[in-house]
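Naming follows writing order (A, B and C), and every chain is counted from residue 1.
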Amino acid sequence: MALLEALFLQSGYNAALVAIGAALLGFSAGSAGSFLFLRKRALVSDAVAHATLPGVALAFIVMVTLGGDGRNLFGLLLGSAVTAGLGLLAIEWISRRTRLSEDAAIGAVLGVFFGFGVVLLTVIQTMSSGRQAGLESFLLGSTAGMLFQDALVIAGGGLFSVLVIWLLKRPMTLVSFHADYAASLGYNVRQIDLAIMGLVMAATVVGLKIVGLILIVAMLIIPSVTARFWTNRSGRLVWIAGALGGVAGYLGAALSASVPDLPTGPIIVLVAAALFTLSLLFAPARGVFAAAIRHRRFQARVHRRQGLLALAAQHPIREGYTLRLLAREGLVRADGVPTLDGRAEAAKVVRDEERWTIARRIHQDIGLSGQYDGLTPIEEVFTPDEIAEFDRRLGAPEAV
Amino acid sequence: MAPFEPEIVTTDGQLLPAAVPADAALSIRSATVSYGDKPAVFSVDATFPSGAMSAIVGPNGAGKSTLLKAALGVIPRVSGDVFVFGEPVEKARDRIAYVPQRASVDWDFPTTVLDVVQMGLYPRLGLLGRLGGAMRKEALFCLDRVGMADFANRQIGQLSGGQQQRVFLARALAQDADLYLLDEPFAGVDAATERAIIDVLHSLKADGKAVVAVHHDLATVREYFDHVFMINVRRMAEGPVDITFTTAALQSTYGGRLAATHLSELALSGAG
Amino acid sequence: MGAEFVQFSLTPMLIGVLAAIACALPGNFLILRRQALIGDAISHVVLPGIVVAFLITGVVATLPMLVGAAGAALLAVVLIEGVRRLGGIEPGAAMGVVFTTMFAAGVLILEQSDTSSVHLDVEHALMGNLESLVWFRADGWGSLFDPVALASLPEELPRMALACALTIALTLIFWRWLKISTFDEAFARAMGIPVRAVGFGLVTVAAIAAVAAFDAVGSIIVISMFICPPAAARLMTNSLSHQVLWSVAFATLSAVAGFALAGYGPLWLGAVNAVSAAGMIATVSGVILALACVFGPHARRLGEAAANSN
């Protein structure tokens, strides 16, 4: 019941705000992350997220030094955005200037910025007002004790990201998919790249409070990887990833509001991970089961065809799997001798081969002869009239 | 059988008995390899004689390199067996030397020319065997054979494409094998390198070694090789160059990709 | 440099050095294989590993936690490989999916289980607490020869020493296989070298190093030890063996300088309390890398250097 209440935003004003905020965050993180995923730079988000830590700590120190409240969420998020941006610049600088590859740059920035953040946290602990700073909550996120204006900041940030994505989706998709082509169309690739990184940073920063800096990475990566199982089109991928992220955010927040002791961040991530696992296993075209079935069928087709070719040539069949396959179909006896049906099938295969030989002689065009891969039936490539012509040239079928 | 123009004896060999000569350096039986659900190589039987230079020829994407890599177990086969000098390939690894495509490695790797050549000695050294002066001399000698002795201590990233290819060949020489498998050894190299490589390969042949190379330049097949294997996913033709490398075989292998004039020029008139 | 140093600084500094070296060694090969981020993935799943170990055994003991962390690391590696192959997902994204999910599961289990009786400290696991690994019984350099004092060495020291010795031994023994399968995988396969086993072994060693190091330096700071010293070393030389030696030197320097700066730096600045040693080690390793990027004699790719000199 509690879950239903939470799902329909009936468990209190704050919980409702968190749920809406999480859904918006999920949407913007999912779709922003899909641009990174398309550029094969998914883990850049990991570095960005970890690089927020020193920013949060620095912002706290600055705000306290200036005599303000160190815990002002807007100020903390601003600080986190600054160091996240520096981290991004550092990654770009290292991979452009040196021989190190981007993955090394990502890892270095991630570890070093986080390490420096930890140093600053210990500095804060020694400050008089630092003991109750509670900045550690940015590691794992915490919606408990969230203030109304915090929720507003999150909801506002999420909404803003969604708007930007809606406005810039086309150029961003184009750049992610094929930067050179986008440039040739007159888009400013560098600026659009910056906008993508800005979105990723915005999602990261907004997500700090709800899911924390380690798990926000999940919100940026998992939805787009999940979406990849459902579409081959990059334009759709962005929206599907956004929708998946939104669903995960909303469901996760509702679940966490309805059950005591369920931390929001991990639950949101686990909902996203569950959606991913289901897609990985059961997606119709790219899922594991579909692929396994397809591969088995393919293997069987290869072995069946090879077996029949061997029968036609009156070779012994060497491979056990081939033999079992043909025996199951009643095409050979257990000792490998072809049955009548087997001979008929072998004759068909020989016929197919001969037709292909003629076809390739007549049609020099690669589009057609390139289909000659041993498995494609000739009927799929040529019209019945053309095949009749091949047969006329071949003469009557021979028995094997 | 077929009531039209004379058949190339070896085309569509699946229908002919797959006789495996006992002296074959490399023989492949019913090999199928696929990327995803499309066969890259389908049910190919191939036999490469020992003491000869063989070329694997075919259009781009026709499975030339795939066949070679699958034979070595570098990529998995869906089906098929491979024999080297009559033994299963897994048991004959020390008799094979392999020259992969140049582009398949990271030339920014922190190592020197001599170091790369010494990798060819690893099977003999084992994990911890000492790389003594004799071994080093051997590696230097191999570098000398490809005309690269002066570059022994160079960083590999500083080499030109042709020099990289020669270093790879020197590494294969260091393996001191009986069968040399080369993947596009002449791709993107300068004329001098091509000459140097072919000289080394011919001297290997003179020593009774077998050489099999994936080759993309149809113009030099007749000049360089004794034996040719033509592939376009399926086996198209196979045999001694002077009777196999014909207009008809090329047409069958390349389809419409080669202009008719070009074809007759390549195959000359020596069709059997 | 007297009794106080031996008591409060010697052991944590040694542990830091050993941890840094143990991580830097496999890091060299991970970087050359473009797998640097596997260290990232491994270190993030250490937390769920120890949480599960704690749930199963019910005690906060070292051995079960190490086993749990190592198990989680290997599970993560297998899952990443599975997602990559089965789903046809690029490695970075596959890593991102797997380690964040496992991390979330770890945090959830931790919050759900009754941890009030036993203190399982998430922040400690993430950030480390190197300073606490002191040698209370020591009263000077003489304690190094005092069996009673030696018996009270923090148990992390021998454990880290063992892990470090193991990484060194395996790196030396499998040097040729590692080198050739990293440089030219196809050639290594054709030679019959078990390339996949070598790759898996490398990742396993990295996991062992990360697990042994995590409670000293924290699981996230470990990442900088995997990557920064070898990355900086790559920019210093064009020889693999020299690169590995440089990385060991940089790792040692980061650990020693980082520890010293964390302990004494604030005092020089007039503050009273030390800051996180693990964090400072990571920071120093980052500074070293940054300097290597600017001044390293081989910072640029060879082709570019040649192009620029023309």
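Operating definition for what follows: contacts are C-beta pairs under 8 Å (C-beta built on N, C-alpha and C of every residue); 3 or more make two chains touch, one makes a residue touch a chain.
Everything numeric in this text was worked out from a predicted model, so none of it was measured.
Participant: Shortest hop count from subunit A to subunit C along touching chains?
Facilitator: When the steps are counted carefully, the minimum from subunit A to subunit C is 1.
Participant: Taking each chain's centre as the mean of its CA atoms, which one is farthest from the centre of subunit C?
Facilitator: Looking at centroid distances, B is the chain farthest away.
Participant: Distance from the CA centroid of subunit A to that of subunit C, rounded to the nearest Å?
Facilitator: 28
Participant: Which whole number of Å gives the spacing of the CA centres of subunit A and subunit B?
Facilitator: Distance between chain centres: 39 Å.
Participant: Rounded to the nearest whole Å, what is the centre-to-centre distance of subunit B and subunit C, using the mean of the C-alpha atoms as each centre?
Facilitator: Measuring from centre to centre gives 43 Å for this pair.
Participant: Hey, what residues on subunit B touch two or more of the other chains?
Facilitator: Where subunit B meets two or more other chains at a single residue, that happens at 108.
Participant: Which subunit A residues sit where two or more other chains touch them?
Facilitator: Correct list: 99.
Participant: Of all the residues in subunit C, which ones touch at least 2 other chains?
Facilitator: Those would be 234, 301-302.
Participant: Could you list, by residue number, the parts of subunit A that touch subunit C in their complex?
Facilitator: 37, 40-43, 45-46, 50, 93-94, 97-101, 103-104, 106-108, 110-123, 125-126, 136, 139-140, 214-215, 217-218, 220-222, 224-225, 228-229, 261-263, 265-267, 269-270, 273, 276, 280, 286, 288, 291
Participant: Applying the document's contact rule, which stretches of subunit C touch subunit B when the two form their complex?
Facilitator: That would be residues 32, 173-177, 179-180, 182-187, 189-192, 234, 237-240, 242-243, 301-303, 306 of subunit C.
Participant: Using the touch definition from the top, list the residues of subunit B that touch subunit C in their complex.
Facilitator: Touch residues, subunit B against subunit C: 69, 72-74, 90, 93, 96, 98, 100, 104-112, 116, 119, 122-123, 125, 127-128, 155, 157-158, 171, 181.
Participant: How about subunit B: which of its residues touch subunit A in the complex?
Facilitator: Within the complex, subunit B touches subunit A at residues 1-4, 11-12, 14-18, 29-30, 32, 34, 37-39, 42-43, 78-79, 81, 108, 232-234, 251-252, 255-257.
Participant: Which residues, counting only subunit A, touch subunit B once they are in their complex?
Facilitator: 99, 294-295, 298-299, 302-303, 305-306, 309-310, 312-313, 315, 318-319, 321-322, 350, 353-354, 357, 360-361, 363-366, 369-370, 372-375, 393-395, 398
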